[in-house]
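In what comes next, chain A is part of two complexes: it sits with chain B in the first one and with chain C in the second one.
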Partner chain A sequence: MSSININTGILEQVDGSCIFQINSTKIISSVTGPIESSRIKNEIPTRAYLDINIIPEKGVSSTRESLLETKLNKILKPMINLNLYPRQSIQIVIQVLKSGEFRDYSITELSTIVNCVYISLLNSGISLKSSFLSSCCVILQNNEIKLNPTIDDLKSCKSNHIAVFNLKNAKTDELIYCDSLGSFSDDQFFKVLNYCATDIEHNNEFIRKSIANTIEKDYIWKFQ
Partner chain B sequence: MARDFDISTNQSTFVLEALKQNIRLDGRKLLQMRDLDIHISPDEYGYVEVSLGKTKVACRVSSEITKPYEDRPFEGLFQIKSEISPICSPFFESGLTSNSKQSNDELLISRLIEKAIRRSGALDVESLCIIAGEKCWSVRADLQFLDYDGNFTDISCIAVIVALMHYRKPDLEIDGDDIVLFNVDQREPTPLSILHIPICITFQFYNPNGDVENVKGDSNDELILIDSTLLEEKISLGSMTLTLNKNKELCQMIKSGGLNIDASVIMNCCILANKLVDELTDKIQTLLKIDALSRKSGMERELQVVNDR
Partner chain C sequence: MTEQTLIIPGDDINISEPTSHMTLGPNILHNIENNNLIPTTSGFLNVQTKKNNTIYYIESNTKRYIPNVNDFVIGTVVGTISENYRVSLNDFSTTVLLNQLAFPNATKKNRPFLKTGDLIYARVLRSDPDLEVELDCIDPTTGKEGGFGLLNGGLNFNVKLAFARYLLFNSNAEILNKLVSKCQFEIAIGVNGKIWLKTDDLKTTIACMTSIQQSQNWSKSEISNKVDAIFKSSGL
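Here is the complex of A and B:
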């Protein structure tokens, strides 16, 4: 089984932060906002501007990080109540501490980033429309579906998939985003989505617990 | 956000007044460092997380084989990336903006580290050469600034040098023109050759009577403190960075502007820095030793290509 490690509210200068570690992938993210937009062109009259920055584990940002930023933007836009913060911007910075995969792949990184940013957003108190979590998996050569793939799995797999679901009453509700690479059949794809949904529900239990713990600690003054 | 960190007059007078009485907001003495915490990643080589109070920095060292520069065929490549992202404070802007405050800070820090580690010859770049003029190792250290509470220079210098000392590059064999690289499982990877351990100590100077007094007056009662927090750094009237190693060699000294400081005071700073550097070096070396012991199994010791000296 996968080992998840969550640490929230560790950074002092930002509004929300989280370190999310799953297996050998470790991500730290920060959320600041709503703040004044630094550039006039980022001031959108009706909603907040999402300023997303992904910094790679080593080297400088490349097209790979830009692609990840676009994907993340697509996932986050419908999930945040952006129209509550007109002309402001929400700054989200993601630093990959341990990638856990080769640069040719990005699924484990993206799914960890989504989970990490979700917790950071909760920590920052930004209004969300719904909870959402992500999971990724691969279809191996023997048509077996494996969640949380390792480096070797990714190298030898037939196809890799990532799915983001929103959650309602601790159950997965709608599919928000999915991305697949490789060859697979219709049946396999739906099976993959089911697998991911179950995995998300399973992880959600743990994540909820750790979020509840943090909130309890934050409000310790209230109960004394 | 392009705006700078604002401090009210009340706040700065309060801090200064406390400093005059030899008290700092976090309860330290003026010449006392915060607790240095170094976390070495147990499952890989060359990744460390260092924190000094609330300031946090991570550093990752990686290497690859490339062609050396044509004018330096016998030397490998070594570069340090130090880009400050808004993760550590929203006052730092992301991306490259030419005249913002960040690019100045960033430039200063990267220059300082560059001088402290690269130009002081801490890493033996000639040992990175594989085939002269054709192939060499390119080592890069990626600094990741995570949380900002002052004193980025000292902590990033420590992070880079610890990561470099901890990093192991894969072992290789030269067979004619071919290079055979060995997996970590096949052969124990080799450490980089580090010639000395430079450590930066930054001093902040304050004058309790204002900076005019310092130029015109006779009294030289400047307040000196090390390992400043963000607040202390912002109200400081001048700073000086010394880089030393355990052999009492001064690798660099930077004092760009600020208060005028007497030579004798600087000498005192050097003596103090030397004591601190000794302590820090010992701490780093014991940590690395503990880490090395925890990694070694009997099998690995046998396969090791580097002799214990």
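Here is the complex of A and C:
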């Protein structure tokens, strides 16, 4: 069972923010936008530019963070109505608070980042095409699939996987993104996707409740 | 008829009573392929039926303002470009234009002179995402000043957008009624989440600002006691 902890709207100076903790991975993210592009080359005539920055738990950003930024860009681009904000940019800053894995791996980090940024985007009011959530898992040596892997699981596993699904009426709909590393068969891969989809639907119940709480808190002045 | 339900992107919006006309407000898009309505953010779904028209929109409390025609806004003059003033409605957002002749009775020779840093109360004249947004300071119905123009003195502070809309559209909002019973003040509310306030002395101004800002986190029944407490602690 995974333990999730969500704290929304904690940062005053940005448009949307969220702390998302799942098991031993903890991320804080902020969304500002649509704002004026800081560089002229980032002004795209027909849509908004996504400016994503990932800051690691320790040290400075490296190629690992650049790769994560590229992956996140790929996930977010089809999910945001970028064409509504021509020539603007949307700034997304992500700080890893607890990594929960070694630097050789990035699946638990990426999956938590996706969930965290999703809630920050909702908090900032930026126009989204659909809801989306992510989940990750590993295939252990005994061919057992384990969701939310620990450090030891990642070290000893045959392969690791991450999947991002979009949600329609609280049910997983389409696969947005998946990434796997290691050796596995076709059957195992489809099984993994099913596992992730079920896990996302399960987590969504809690996340939706948390979003509802935030909105009610936002409108407390309307109530007696 | 008004009803409110919580909605997030990806949920279906049920078109319960199809009427001949449908108007889509903020945060709802129309999917032409399958004729569905798509919610684009999380918030309360509002459905209002008026005669033959149904209005759908999602009420959501955010911080960044996106200009819409006929909105009343408070802006800061940040510069001059030929015949226009550059006005900032939101920190870091693209600045908007205010023509120097967009004031009542303004001519080439006789026009108001605004400095960088001045606050103005204006109306959004034009807003197209592909063009520059324009403001004006003329009441469109009378062609007169109508409360628009330079805001002299006072204090400017930010609140969240939905709260600003509530204060502007409900002239008898509880917090304002309570403040009226406490002191005299001038107020201008912009839907871009900015409020300008002017009273006779500094202490009252700060007490009013704290009350309005903090009342975003109070329910209606708490307002009276908490405003009293704030005024008492500032020695008023």
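Here is the rule we go by: the second predicted complex is superposed on the first by the 224 of 224 C-alpha atoms of A that agree within 3 Å, B and C clash if a C-alpha of one lies under 4 Å from a C-alpha of the other, contacts with A are read in each partner's own complex, and residues count from 1 in each chain.
Basically, contacts are C-beta pairs under 8 Å (C-beta built on N, C-alpha and C of every residue); 3 or more make two chains touch, one makes a residue touch a chain.
Just so it is clear, the model here is predicted, and its values are computed rather than measured.
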Comparing chain B against chain C, which has contacts with more of the residues in chain A? C
Once the shared chain is lined up, is A:55 touching chain B (first), chain C (second), both, or neither of them? first
I'd like to know which partner A:103 touches here: chain B for first, chain C for second, both or neither. neither
Which partner chains sit in contact with A:208 here, chain B, chain C, both or neither? Use first/second/both/neither. second
Looking at A:32, would you say it contacts chain B, chain C, both, or neither? Reply first, second, both or neither. both
Could you look at A:86 and tell me whether it touches chain B, chain C, both or neither (first, second, both, neither)? second
Applying the document's definition of touch, where does A:95 land relative to chain B and chain C: first, second, both, or neither? first
Regarding the shared-chain residue A:24, is it in contact with chain B (first), chain C (second), both, or neither? first
Where on chain A do the contacts with chain B and the contacts with chain C coincide? 32, 35-36
Per the contact definition, I'd like the list of chain B residues that touch chain A in the complex. 1-3, 41, 43-44, 47, 54, 56, 58, 60, 62, 81, 83, 85-91, 93-94, 140, 142, 144, 146-149
List of chain A residues in touch with chain C within their complex: 15-16, 32-36, 81, 84-88, 122, 124-131, 166-170, 173, 208, 211-212, 215, 218-224
Within the complex, which stretch of chain C touches chain A? 6, 8-12, 27, 29, 38, 40-44, 60-64, 66, 92-95, 129-130, 160, 162-163, 166, 175, 215-221
Parts of chain A lying in touch with chain B, wherever the complex brings them together: 10-14, 17, 24, 28-30, 32, 35-36, 38, 51, 53, 55, 57-60, 91, 93, 95, 97-98
